[in-house]
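Before anything else, here is the set of structures, which you'll find just below.
The following pair of complexes shares a single chain, subunit A, combined with subunit B in the former and subunit C in the latter.
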Partner chain A sequence: MTTVETPMGYGSMRRKEDARFIRGRGTYVDDVTLPGMLYGAVLRSPFAHARIVSIDTKAAEAHPKVRAVITGAILDGLKLAWMPTLSYDTQAVLATDKVRFQGQEVAFVVAEDRYAARDALELIDVEYEPLPAVVDARRALDPDAPVIRDDKDGKTDNHIFDWSSGDKDATDRVFSEAEVVVTQDVLYPRVHPAPLETCGAIADFDKVTGKLTIWCNTQAPHAHRTVYAMVAGLPEHKIRIISPDIGGGFGNKVGIYPGYVCAVVGSIVTGRPVKWMEDRSENLMSTSFARDYHMRGEIAATRDGKIRAVRVSVIADHGAFNGTAQPTKFPAGFFHVFTGSYDLEAAHCAVTGVYTNKAPGGVAYACSFRVTEAAYLIERMVDVLAYELGTDPAALRMRNLLRPEQFPYPSPTGWEYDSGDYPRALALAMDIAGYDDLRAEQAAQRERWAAGEVGGTLMGVGISFFTEAVGAGPRKHMDILGLGMADGAELRVHPTGKAVLRISVQSQGQGHETTYAQIVAEELGISPDDIEVVHGDTDQTPFGLGTYGSRSTPVSGAATAVVARKVRERARIVAGAMLEVSPEDLEWEKGRWFVRGDPDQGRTITEIALAAHSSLELPEGVEGHLDATTVYNPPNLTFPFGAYICVVDVDPGTGRVKVRRFVAVDDCGVRINPMIVEGQVHGGLADGIGMALMELIAFDPDGNCLGASFMDYLLPTSMECPSWELGATVTPSPHHPIGAKGVGESATVGSPAAVVNAVLDALKPFGVRHADMPLTPAAVWRAIQGAPLRTDLAIG
Partner chain B sequence: MRVTLTVNGERRELEVEARRTLADALRENCRLTGTHLACEHGVCGACTVLVDGEAVRSCLMFAVQCDGREVRTVEGLAGADGTPHPLQEAFSAEHALQCGFCTPGFLMLAAGALQEDPSIADDPDRLRELLTSNLCRCTGYESIRRAVTRAAGELAGGAS
Partner chain C sequence: MQVPAHFEYERATSVDHALALLARWGGEARVVAGGHSLIPMMKLRLARPEALIDINDLTELSYLRLAGDELLLGAMTRHADLLASPLVGEHYPILHDAERVIADPIVRNRGTIGGSLCQADPSEDLSAAFAAIDAVAVIRGPSGARTVPVREFHTGPYETVVGPDELLTEIRVPIRPGGGSAYEKVERRVGDWAVAAAGAAIWLDGESAGGAGQPGIVRDVGIGLTAVGASHFHAAEAEASLRGAPATEENFAEAGRLAGAHCEPAADQRGPVDYKRHLASELTVRALRRAAARARGQEA
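Showing the complex of A and B:
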C-alpha cells in the first residue's frame, strides 16, 4: 500500500545500530560501571504540599555502607538547593522549606550499592506539616487557593504567565457576525512520555584534573553541559557529557533533574563516581509529564460549513515549578499553530500558565512544543462543528483545507507554512480506508440499531488532518535559556576515503547512525558503510541544541548535507589540481569529479581524499585534507502534515473501544530512509491510541499521584494496536537542503484526535458530542449515560 | 548465599544476598547487561530471560530461586560462531527495534514461545496475545509481529 516517491539514494537500508542492540550489546547508562562507583537514591515526599519541620539523617549516616547523605540544607550551603529551569523559573533540587508535589526530592543517599542506598532511605526521618494542596488547575487562581511558590518574593497567587497570539479584535469581529458558533471545553490530560529506560546519570568528578564527566541519557548533551557550567559555576571546558545509547526519550530526557545534580554533588563530596538511576515510579511521579491543557475552543462558521475563525483560551497546568522546555519567546510552545490546516479569516488564543501541587515539566512526549495540544483541539473542534451542522467530517475538512497554491502560507498567528498539498493527502487516506464503504457500512449498522437490534458494537470513523511545526528553529526567534537553536556538524574524510561525521544531536532510537550516514553517502557518493557517525559526547562533537521537537532532520540533517557539500567543493579544488584543470571546468556525478566534455578524465572522492593528504601541491583555497565544519541555522520551521483515519468498534454495554483499523498518510517531505520513517509513524500511532484510550496521570483531592506504575499508567500493548495502514505523499520543504521535514512526532501529534473522533462518531446515536481522553471503558460508558467523567481528577 | 547458575551454557558460582533479583545478578554479578530493567514491577517484560527454557521476568525472580538451573539471556541467543539467531536477524530486517531497550526482552519472550510451540506464529491472534506480555514504546508492535512471524518461518524451514 505504501508508495514513497523518490526516497534518498540508499532508501530503506537496514540500521547500523541493530547489530549491537539485537545482541544485547548496547551501552545504556545503567550498563556503565566505573571503578569505585557508588550508588545514589532519592528520598521523596509522600505529600503533595507540606512544610518540612525537620529532617533527621543520623541513622542513615550510621549505616555501614552509606558514604554520604545530602539534604536541602547541605545544598543550600553550596548555593545548590535551587536550580534554574529551562523556562527561567527555579526548581528545588532538594526541598528546604516545603515540598510542593508528591514525589518531590527531599534527600539523597550515596552508598556502596543500590540495595544499601535504598535501605538507608528508610532510615531518614522527616517530619512534615501537611498543607492543603492545589490539585485542580481550573481553581489554581481562586483567591483562596493556597500559594505554592511562597519561596518567590512577593508571590501571592499561583499565576505563572499570560500569553496570547493572533488578532483578538479581528477574531471577535468575525465571531460577532458569524452564522454559526460552536464552543467546546476540551481537556488534554496529563500524560507521561514513559520511555522504557528511565532517567539516570553517573557523575564522575576528578579532583586532580578538575574534570567533571557526566554519563547521562540526555537528548541534549551540549545544552546540559552549558547549563551545568552556569548552575554549578564549573568551567565549561572541564565538563564532559557522555550520552550513550538511550532507551527512548520522547522528550522525557531533555531537562536536568534534581537526581543528576545530586549525583554530581555526591561525586564531589565522596571523590568517587556516583550513579543514580530512577525507578519506574520515580519516573512517572517526578520527571517531566506532558500536556495538562484545559482548553476552551470556539469555531465561527457559515451555515454551509465554511470555517471563518477560531478562538481559544487555555489554562495550562505547569505543576509546582515551571520546568517546561519551550523556546524562550513562546511560553506555550508552538500552540499557536492551532489554526491547523485550514484557511481562516482570523484566529486568537490566550494561554494562562498556573502552578499546581503536581510534578513539574511539560516538556515532553513527542509533542513538538505543544503542537499536539493544538492539533488535537482544532481537529476535535472541526468534528464538533460537523456534529452541529450535520455534515460529514471528511467533506467539511476537504472544503476548508488550505489549497496547494496558497503555499507558502502565512497563518493568522504568524507562521509561514513552507509547503503542502493537503487535499491530495486527505484524498489518499480516504482512498486507502475505503471511506465511502465505511460510511455505508455504518449507515446500515445504525439503521439496524435504530430498528431495535440489541447487542453488538457500534462502529465509528474518525478523521484527523494535522499540520506539524518542527525543526526549531531560526535562532533569532528561538532559543532555550539564551542558547540559539542551531546545530553544528563536522565531517572528516580520512586519506582512504572513509569518513567520520560528528553531530550535536543524539538519537534515542531514531537511527541517526544510519540516516546521517545515508545523507553523507548521498552527497559524497560513498557507501554509508564507510561513514561513522559520532554523537552523544560533548568532547567529540560540535555544539548544538539536541534532539527533541522533531528537530534532528530539519536542523542537524540539514547541517549534515551542508557540511558534506562543503567537503565536495573542497574535493573539486583538489581534483582540479590533480587533473591540471580549473575547478570550474569540472562536473560532479555521484562520487566523482570529471572534466566537462571528457568524462574519462575524472577522480573519485577516495582518490581525491588520498591526494588531499599527499605531497600534491595544493592550490589556493585548500590547506590540506577535505575536512569541513558548519553550523546550520534554519531559515524557517518545516511543516510536515498528514491525514489519518481511524475505525473503531465500541461496545455500548461495557464502553470498551476496539481499534479496528488505522490509516495514516504522512507527508514529511523527502524521506531519507522510508523504513525508519514508517517505524517512527508506527510508534507515534501507538502513542496516540495510548493517550486517546488509556494513558493518564490523575490525582486525588490530596494531590496523590494515581499513575505511578505501569499497573496504573497503562501503555498500549500489541493487543490495542492494529496493523497500521500507511500511505505517503512527498511535498519537499523548499528551504531544507534535501527537502526533508522531520517526522518523529507527526503521528503522536495527529493520531489522538482520529481515535477520539472515531469513538465520538460511534457514540453519535446517543447524542454524545464530546468526551475527554482517555476514553477508558468507564469514560465511554459514563458519556453514554450523559454524565461524562472529568478524567484528570479522581474526584466524585 | 552461594548459588550456582548455568548462564548461556557457562557455569557461574555467585555469592548473593537472598533478596538479590535474578536481573541484578545477571547484570551486575555476571556483567551481562543485555537484560534490561524498565519497571521492576513485572509489567513491561524488558527483563525477560529463559529459565530452564521458560520465559520469566528476571526482576520478579530471586537469584537464589535459580540455583542449579539453566538461564539463557540475549547474549546467549546467537550461535557459538556469532551468527545471529533467526529472531535477531528478523528483528533487524523488519525494523522491529528502535531504541533497542525492550528488544532483548521481546527476543527472549519469542525465543521461549517458538521453542515451546513453533505454530504460535501461524495464528495472528495467539501471536498478538503472546506479545502483550511485553511493552514497547517505539515500534507500535506491528514490526515485532512481522519479525516473529518471519523468524518462525526461518526456523521451520531450517528444521525441515
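Showing the complex of A and C:
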C-alpha cells in the first residue's frame, strides 16, 4: 500500500470564513430580520405522558399583540397535525390526543414580538389528565407497560423494530466452545449535541408568487426542501431553503422540528414572515438527543488472549416518536461496525428499538449513525476482557488488531473496510504517550497508595482503538426516506480564471469554504482565494443530502474533486485548440496543460478560461466554457481509524477525575487542511471528555427531564481539557478520488472509551471492572463502594 | 432566548434612595446586584418581581477594609475583588479558596458577596465560608441598621432574615491571631455548584502551634458546610468535639464523622445521600488539615 504523508498543496491555510466570524460578521438565522416579521413561541407539555382534555386559547388570542394561536386541532384540519419522521414513523407537530414527552409541542403563538409571544403562552389553558410514564427503556416492553403510541392502529406495546446483523449460528458456535467468555452490560446514556446556536427558522410565504422561503439552520437544506414538498404538498420549485451560518450542528440540525412546521403554518395564516428560535431549555428538552443504547456485550476468546467472536444485544431508547435519521435499511445505523478493529471469526448483534416517554430523535451528536455506540462498546469490552485475563490492554489490542495485509477487509457483519494500518497507529500513540513509563509510574504509585499515602490519587491509563464507517453512502444500500445518499457539485470558471463552486452540503463550522476551495485549487492549480464556495441555499446549489455522519469530505469532497477534474478535461480540449495540437498530446501539471515533450508550449488554466469565452475557434461540438457538474455516488464507505490514550488521576476520597493527558493519533486518510482536521479532533476530544465524565440527560420516575439547562447538562470547558497531544498516520482511501476519509466525528467516536477505560484502570485496585458514563465524582465513588449508580435514572 | 415577564426598572443612587424605593414598591420589588442569580430566575420566570431596583451605582457599598480587629466587606463587593484582595488572603485564605471555585471569572466579575448571601441558595459557597469564620451581617432598613450573625442569617433555602424593605450592607469578620483557614469543594465540573463543600477555620494555642512537631491545641474552630443540608451552613457538633482538643488527624477524623452524621443532604443529580454525607466528612477532614497546616505556618 502506498502512503502519502504530505497534505495537499495548500495545507494548513487559514480558514477563509474566519475573517467574518472573528469580526462578529457571521449571519445566523437569528440575525436575519425580514420586513413585517412576527415571532413564534411554542407551548410545551409539562407532563411526560398525559391525555389532553381541553385547550382554551381565548385569552391568548385576546392579547393585543398576538396574531395567531395554532393548536393541534387547527393543524388537524389542514392534515398537518402529524408529520413523517426520517424513519418512516410519524411525529405530532402539535399534540392532539396525548402528550408523550415532557416538552412536547402543544400550541404555537404568533405575536408582534418575542416577549408578547412568550407572555401569551401563559394565557393558554390546557387541561391534562396525567398518565403513568415509561421511563426505563429496559421496562418498555413489559406486558403491563403503558402503551405510548396508541395513535397507531392496533398498537398494543412499545416495540418499534428488531434488527440484527452477522451470523448468529456461527457466533453461537464459537461462544459454545470458547475458553473464555466475558459478558458486560454497558450503557451509553442519553446525551445531547447542545450546539452553541439553538435550532430555529424563519418561514416567509409569499402569497403573490406562492413561494415559500425558509431560513433555517439546517444541516441538510436540500433534504428539507424535498421533505416539505412531499409532506405539505407544495411544489418543490416553490420552496427555497436558505441555511445561513450555523453555530454548530452535531446532528442536532438534521431533522425537521415541529417548530419549523408551525412557523410555516404561521406565515401562511398571517401572510407575514414568522421567526421561531428555540431557547436553551427547549433545545435540550425537545430536540434530537443522541445515544441511549442499553447494550449487553459478550466476547469469546482464548485463554491467551485471542479474541474470537463478539455478540451484542441492545435495547435502543428512541423516545416517543421514532425520529432517528438512519439510512432506511439500517434502523440501528451502522451499529454493526461494533466488531471494531479486530480480526474475528464471527460476530452478531440484535437491536430492539423501543418507545419511551422521552424526546424523540437519536440522530444526533456526531453520531456517525451509531458508530459511536459501537466503538464505545467494543473498546470497553476489550478492556473488560483484559481485566479478566490479567493482560495489558495495549498488548491485548496489538495482538488482535487487523493486519495491514488484510485490507480491503470484509467484516463479519458485512462491511468492506477500505484501508488501514492499525498496528502502526497504535504504536505511534504508545510512543507519544510513553506508554511503558506511564505503566511504571502507575505501578510505583499503586504501591505508595497501598502503603497508606495520605491524599494520594490513583492514575489510570486508558486506550481506545476505533474504526469508523462514514461517508454514507452508496445509493444502492443507503437512502433516507427514499433519497439516495449522494451529493452534487457544480463548478463554474469565470473568463478571468476565478471559480465558483456550488455544493449540496452545508457547513456548521467544519470550514467547507476553505477545504473545498483547497480541493479545487489542488485539482486546477488556481489559488483557493480565487474560488468562492457557495452552499446552504437550495436555489443556488445542486441537490444532495447534507452534512452529517462525517459524510461531507467522503461524498461532497469527492464530488468536488470529480467536478474539478471534469473542468480540467474541458480545459484540455480548449488548450488543444489554443495550441493547435490534439488534446491527447497534452500533459497536465498543476495549473497548466502543456505539449508532451515540449514543456514550454503550454497554457495556464487562467489563459484557457479566457480563451474558452473568447473568439477562439473551438472544435466541432465543444461549448465555449469550462463549467461542469457532477453527482457523486460513493462506491463504498470510508473507514477512518485512530488510537487514543488517555491518562487520568482519580481521587478515591472524592471520586474526582482529572484528565492529565490525552494522546490522539488519527488516520483519516489524506488530510486536505491539517489545521482544520486538528480543530475537528480537538472539538471531538472535548466532547468525549464531556460524555465520559459529565454530560447526561436523565429522567425521574415521572419522566421529567433532568438535563434541561446548562446548570444540569454540563458541558466540558477548557479547564477539564488537557493540552491535546495529536499524532497522525495517513492511509489513503483507495476508492476516494483524493484518498480522504472524513474526520468530523472521529474524536467523538474514539475518545469516550479512552477516558472511561482510563478511569476504570485507575479503579483496578478496588476491583472495579466496569461503571457507566458519565463518571461524575458520585458515580466514581459509588463504583468504588461496589454500589454503582444507574446513570440514566434519577439519583434517588 | 429566554425572556422574562414584564417588570419596571429603577436605579438607586444611594442606600437611602434604595430603601425608599423598596418601601414604595411594598414587597413587590427586588434589588438587583450582580444579577447572576436573579436574572436567570426571571428569565425562567421562577421569579417575577414587579420592579427591579438596581443598586450597582452604590459604590459606597463596595469596599474591603480593616477597622480595628474586624475585616469589613461591603455588600456590593464583587467576587473578583474578594479574590484579588491580599488583605483577605492574609487573614482568611478560606475566602480565597472558596472564591477560586465559585462559578467562573465572568460570574465573579459581576456577582456580589451580598447577592450571594441574600440568594441563600443551599449551595452558595460564601454562606458556609462566612459561617465558618463567624461573620456578622449588617442590615439596613427604614428604622436604621441592625446586625445578625451569619449563623443566624439564613432561615431556610432561599430565605434570609433580610426583610422586603431592607438591604444587606456589610459583612464584618472578626480578626483573631493564631488561626488558619481553608475551603474544600467537590464539583462535577469547574464552575458548577458544589456537590458538597466544607470550610474550616481553626485557632491553635499560641505556644504549641507548630512548635517542635506538636499538633497544637484547638483554641477555637469553625466548620462550615455547603450543599449538604447542614443547619445554618455549619457543623456545630464537629466544632464542639474539637474545641480544646489536640489538632490531630484522629480528632479531625472524628470531627469529620460528626459533620457527616449531623447533616441532612438531599439526593439530586449531583449525587446520592450516602455520597454527600461521605463528602461532608471527607472534606471537613481535608479542610481542617489544611487550615491547621496554615495555622502552623506550614502551608500558604
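The definition used in the following text is that the second predicted complex is superposed on the first by the 787 of 796 C-alpha atoms of A that agree within 3 Å, B and C clash if a C-alpha of one lies under 4 Å from a C-alpha of the other, contacts with A are read in each partner's own complex, and residues count from 1 in each chain.
By definition in this document, contacts are C-beta pairs under 8 Å (C-beta built on N, C-alpha and C of every residue); 3 or more make two chains touch, one makes a residue touch a chain.
Fair warning: this is a prediction, and the values are worked out from it, not measured in the lab.
Once the structures are superposed on A, label A:712 by its partner contacts, choosing first (subunit B), second (subunit C), both or neither.
Once the two structures are laid over each other on A, A:712 reaches subunit C alone.
Does subunit B (first) or subunit C (second) touch A:280, or do both, or does neither?
Both: A:280 reaches subunit B and subunit C.
Just subunit B (first), just subunit C (second), both, or neither: which does A:246 touch?
first
Contact-wise, after the overlay, does A:78 reach subunit B, subunit C, both or neither (first, second, both, neither)?
It touches nothing on subunit B or subunit C.
May I ask you to decide whether A:794 touches subunit B, subunit C, both, or neither, giving the answer as first, second, both or neither?
Once the two structures are laid over each other on A, A:794 reaches subunit C alone.
Should A:653 be classified as contacting the first partner (subunit B), the second (subunit C), both, or neither?
Once the two structures are laid over each other on A, A:653 reaches subunit C alone.
Give the label of whichever partner, subunit B or subunit C, reaches more residues of subunit A.
B
A:115 in the overlay: touching subunit B, subunit C, both, or neither? Say first, second, both or neither.
both
Looking at the overlay, what does A:698 touch: subunit B (first), subunit C (second), both, or neither?
Only subunit C; A:698 stays clear of subunit B.
Looking at subunit A, which of its residues have contacts with both subunit B and subunit C?
On subunit A, the overlap between the subunit B and subunit C contacts is residues 30, 114-115, 279-280, 709, 711, 717, 719.
Quick one: which bits of subunit B touch subunit A in the complex? Just the residue numbers, please.
17, 19-20, 24, 27-28, 31-41, 43-44, 46, 73-75, 77-78, 84, 88-89, 91-93, 95, 97-104, 107, 128-129, 131-132, 135-145
Provide the residue numbers of subunit A that touch subunit C in the complex, in ascending order.
Going through subunit A, the ones touching subunit C are 30, 114-115, 118-119, 277, 279-281, 455, 653-656, 693-694, 696, 698, 706-707, 709, 711-712, 714, 716-717, 719-720, 776-778, 781-782, 785, 789, 794-796.
Under the stated contact criterion, what part of subunit C meets subunit A in this complex?
1-3, 5-6, 44, 104, 186, 188-193, 195, 267-272, 274-275, 278-279, 282-283, 286
Which residues of subunit A touch subunit B once you look at their complex with the stated criterion?
Listed in rising order, the residues of subunit A that touch subunit B are 14-15, 17-28, 30-31, 33, 114-115, 194-198, 245-250, 279-280, 508-511, 675-676, 678-680, 682-686, 709-711, 715, 717-719, 721, 723-724.
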